[in-house]
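One chain, chain A, appears in both complexes that follow, with chain B as partner in the first and chain C in the second.
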Partner chain A sequence: MIPLQSATPLPSAIAELLGLDPSNPAVLFVLAFVAAGAIVSVMLGMTAVLGIWGKRKITAAFTDRIAVNRHGPFGLLIIPADAVRLLSKELIVPEGVDRPAWDLAPLVVASSALLGFAVIPFGNGVQIADPEIGLAYVLATASIASLGLLMAGYASNNKYSFLGGLRAVAQNLAYEIPLVLTAASVVIFAGSLQLSTIVASQSETLVSLGGVAIPSWYAFVNPFAFVLFMAANLAEVGRNPFDIPEAPTEIVAGYQTEYSSVYFVLIYLGEFIHIFLGGAIVATIFLGGGAGPVLPGIVWFFIKMTAVYLFTQWARSAVPRLRIDQLIEIGWKGMLVLSFANLVLTAVIVGVIQ
Partner chain B sequence: MSLEDPDTGAIEPAEETAVGVTDEGLDYDALADLLGDRLLDREEHVNAEGFVVRPDEVRSVLFDLRDEAGFDHLSCVTAQEYDDRYESLYHLKKYGAPTQELSVVVPTAKDEPVSESANPVYRTADWHEREAYDLVGVEYEDHPDLRRILLPETWQGHPLGQDFDGEEPQIVTLREHANPLQEDHRGDDADTMFVNIGPHHPATHGVLHLKTVLDGEQVADVDPDIGYLHRCEEQMCQQSTYRHQIMPYPDRWDYISAGILNEWAYARAAEDLAGIDVPEYAQIIRTMSAELCRIAAHLLAMGTFALDVYGDFTAIFMYAVQDRERVQKILEDLTGQRLMFNYLRLGGVAWDIPEPREEFFEKTRDLLDDMPERLAEYHDLVTSNEIFQLRCVDTGVLPPEEAKSFGATGPVARGSGIDYDLRRDDPYGHYDQLDWDVITEEGCDNYARVLVRLREVEQSARIIEQCVDLLEDWPEDEREIQANVPRTLRPDPDTEVYRAVEAAKGELGIYMRSDGTDQPARFKIRSPCFSNLQTLPVMSEGEYIPDMIASLGSLDIVLGEVDR
Partner chain C sequence: MSNPWIAIGALALVAVVIPVSMLTMSRLLRPSVPEQGKRAVYESGEVPTGDTRIRFNIQYYMVALLFVVFDIETVLIFPWTVIYRDAVANVGLARVLLPMLAFIGVLVVALAWAWRNGAVRWVRSPRTTAQRVDRKS
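Entry: the complex of A and B
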């Protein structure tokens, strides 16, 4: 059986594969870049396929439409067509924007999400680094995006952007805490922040129902935490019912109103990579990482990630948007209390069992 | 929902005590006695009598008519210029009994067209008088805000006045235009923020500009700025002949599938003006096609409201559009058009049900058979959704007294518990012989308005079903679709008529005055959206931005009809 998690991180594995000395820091340094480049390319590829083509097809399926079908097979050629279209548009810099904050914001939004993938164990040993504080690191990098959104909203010199930026920060603050607390309840189970350890601790069988072994994924061990985390994750990535920072019918496009061309692409990209990162975190800490029958672990991992993405699109097509005050109320008065209760209960249960 | 006691203000006197109400209807002599010396003259209009009063006594007359005689609905204000005078016409009605009508005629001098504003009596007079000032040039004393409303502030002259010079260049430089950004910086140390919502904004359903002052996320003040889609519809109708040329225009007022409902408004007014009787068979076809239009319009209203509350990728919009598409297909079979039907004619309809008739009826019945299931799905998807209720219940509250004062009609009024539907209260077509109900909801909020529309679709389906039954069994040799109407209509000079029908958005009224030619001397459109939009500040001040957007969506305005 293929081990779910190799002890060697990806750069060292590549070094061994190429016959180089993995203990040489210079070699590792270069190969870390190679590994990171590979992962980033995969993520950008996923965004291109799922963000440009998949999104249309999925939303169309939910809303009973056909969507792109004229550009190549299944409309797949829309991906290069859209990429060329978006990148060849004029980059309009509005008067009075606060540079360089306005220019940096899209970079911050896009790159903060990519940083998180550095510690994600994709299965089959594909993991760039496996630090002991993996979970704390990935949550911390993901939340840097809030800064980017605030920068975008504030620097755009547009009132809709400003409202959107403020909404984004208020929302991310309110839902970041439940997110972290719920993730912490998993840490109590696993006894470690290291993502590979968390994945490994989910590999045992929880119960066996009629010959089918239900693994001890934390989604099954603690479904309550899973639901909480999925809800908070929706708010983190800003999808219905929490798409308030963008809310096109209210504040046009929120913080991204004034962005065009490449900057728009970067923000758009950042949003999608955030959704994928959210999916990756969910897959890692609740769905057993790359665990699954028959198919290799990395395939399972991407299936789980895509499933979470599908869920956000589903919510987007079917659920109304909350109002900002209701959102804040649910965040601070509902989710926060529930996640604390979950944390304390988990701690008690784990304490009693051990 | 809104449980506060209704404000027992002055507007609603008990029906029995109202002056001039008798068993037969309205006793104009008693009303004349009420006004006493203030009444200068009495005119006969086709729909009601016109009481001529002095321009400086408008307010006291209207107060008395409202409080003593129970005229609580200022349906419309029409201004026009004669050779020797200006005239403002206040078309008064009662919410309880819209057939009891009265026109208050206020002549003003040519050299100084100033008359008292009706604004303190009926708040709806605010916009109506601004429009009269803008287009005709009558000035209203003590009007709180007598600015132009449809035309830009820089416009020279009054286009419906007699001395308007159409040759005069109207394009002014950008410098002379009001700069919307100027107000941006008023009160720099204030805590509020001024935002222009529209004219290009995803949620204004057309080109509407809302000058909004925000206090954080809350709306401190909102001032709708309309006129971006003003297309001189009244003037075009004044330059067209009654018989053929006007009928295509109504389709373009409320262009959201409500075409036949609009056409009926013109048909009804013109038929009353010229004394044309419509064959019963044609009336049934009209009733059926009008209700099909209503279903299409209400479905789209619900779908776009879902866009406002759910976001741009909601499934509900597409579902609603698909169901609307089926209605459109039936209307296309019937009229040959999908949007600008141009199906009604004075005295009847353009042509009979398309052959083979069975196929048409079968298609219609299929639609009606599926309707309960579809509506159940909408209730499942929309009205029973907890988040939707959280968003819509008790937001955008429009108390019934306010609704009446602003002349709100249609689903907006019925969502505020006002039992007012011209199809029943001022019957026309075949409605009074069919079995259906007027829907009202007591909620007064966004939710109630959506619910009213969805439930009205049910009732429209009932009406269509009965019409189809009637049409199917109609003897073949009695299918008279058109009355005998002269090729050229020349109603008697100085005949005046104001008639309204229940369009998709509310009371759509037409005022026409003939001058003996084959074209109307004055053609005035009372647009329900125009009056309904006036209630937006009442509903949204103090609420959050999303609620204001939702309220705007629940009003279901079409800018083509607001701006005309």
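Entry: the complex of A and C
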């Protein structure tokens, strides 16, 4: 049987398989480069399937329509068609844009979202690196995106973009702290920031109900923290009810109004990868990583990631958008107080029962 | 145990190389037909008026300041959460929990102050308030 979490990260495992020396930094770098390329390609493939095709199909199912069905089976060939179409569009540079920042913003949004996947344990030992501060690293990289959004909004020389950029920053600031504090309450249980250790500590059985063992996933151990984290995560990735930075009915498309061609593709890609990264964090720290019956761990991990993505799409279709002042009030007066209460109560309960 | 940051650096390189290669690919594919009209910034089809780089609300400064305070506080909470269970087992609950409760208590007082002071309330511009009064009268 394959262990759920192997002690060695993926590059070192490949090195041992090929009979190379993993302690040599150059060998490790090359192997990590290959592994990273594979994982990033999988992420881009997920974005292509779920972001271009799945999103339209899901929204259509919610609103009782059919959506794409002409290009190939189930309209799947729309994916290459859309990719070529978007990449071959003319790039229109509006008047008065702040040039280096305007060009760099799509790169920052797309790259920072990919960075977080370096420490995510996908199950079956597929993990590029496993530093001891994994959770702090992944939360830090996930929040770089708001810098890219501000750059995009401010550099575009467009009033809608400017409003969108400011809203994005106000929102990400307000919801970052509940997110991090809720993650900290999980660390109280696990006693480590290392993501593989957090996953391993969720493998024990919590209770046995009629012969079915319920594992001690932190979503079951502390459901309150799980709900808080899901809400804060929705706000961090900017999806309904927290999609006011884009708010298509109010400010056109927010920070991405003036972007066209490949720059638009990169921002769109970055947003979707950010949603998957949020799903990967939720799956790792609340849903037991790659744990699950019958299927191999990595399949379970992707099922959980996709489930979180489907949740964001469900919220997008089902929940109305908040106003900006309501959003700030909920963030600073509701979520922040609740996440402090969650942290303190978790600490007290864990301390007392120990 | 190999250094994990080498592998993270490799992924960072991949994360930059793939978007840059997409940029290059698009540069090879896309046409370029420069025209004066399409370079105008989008303002719902109207001719753009005024400057975009206006002075924005001071409130952003207050929110950002508040964020820095709480962000640093979360950085200080993280090490405490890591050692919490071992520390409770070794030196007892009170000596581990009470200092952190006092620390969080100070921050909650600060949050209550900011709340009462209106720092986390989204102000309306005088213009929308004026319009609202006009409609009532």
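Observations, loosely collected:
The rule is short, and it goes like this: the second predicted complex is superposed on the first by the 353 of 354 C-alpha atoms of A that agree within 3 Å, B and C clash if a C-alpha of one lies under 4 Å from a C-alpha of the other, contacts with A are read in each partner's own complex, and residues count from 1 in each chain.
Everything that follows uses one rule, which is that contacts are C-beta pairs under 8 Å (C-beta built on N, C-alpha and C of every residue); 3 or more make two chains touch, one makes a residue touch a chain.
These numbers were taken from a predicted model, which means no experiment stands behind them.
Contacts of A:319 after superposition on the shared chain: chain B is touched, whereas chain C is not. Once chain A of one complex is fitted onto chain A of the other, the partner contacts of A:340 are limited to chain C, with no touch recorded for chain B. Touching more residues of chain A than its counterpart among chain B and chain C is C. Contact with chain C, but none with chain B, is seen for A:352 once the two complexes are overlaid on the shared chain.
Once the two complexes are overlaid on the shared chain, A:159 sits against chain B and chain C alike. Once the two complexes are overlaid on the shared chain, A:91 sits against chain C while remaining clear of chain B.
In the superposition on chain A, contact is made by A:250 with chain B only, not with chain C. Once the two complexes are overlaid on the shared chain, A:62 sits against chain B while remaining clear of chain C. Using the contact criterion defined above for the overlaid structures, shared-chain residue A:296 touches neither chain B nor chain C, since it reaches no partner. When the two structures are aligned on the shared chain, A:240 is found in touch with chain B, with no touch to chain C. Residues 159-160, 252, 324-325 of chain A contact both chain B in one complex and chain C in the other. Taken in their complex, chain A has these residues touching chain B: 59, 62-65, 159-160, 163, 240-241, 243, 247-252, 316-326. In the complex of the two chains, the chain A residues touching chain C come out as 9, 11-12, 22-23, 25, 28-30, 32-33, 35-37, 39-40, 44, 84, 87-96, 106-107, 110-112, 114-115, 117-119, 128-131, 136-137, 156-160, 162, 166, 169-170, 173-174, 176-177, 180-181, 184-185, 187-189, 191-193, 252, 257-258, 261-262, 265-266, 269, 324-325, 328-329, 332-333, 336-337, 340, 343-344, 347-348, 350-352, 354. Of all residues in chain B, those touching chain A in their complex are 193, 195, 201-203, 217, 306-315, 317-319, 322, 381, 385, 387-388, 390-391, 544-547, 549.
Residues 2-16, 18-20, 22-23, 25-27, 29-33, 38-44, 52-53, 56, 60, 63-64, 66-67, 70-71, 74, 77-78, 81-86, 88-89, 93, 96-97, 100-101, 104, 107-108, 111, 114-115, 120-122, 124 of chain C touch chain A in their complex.
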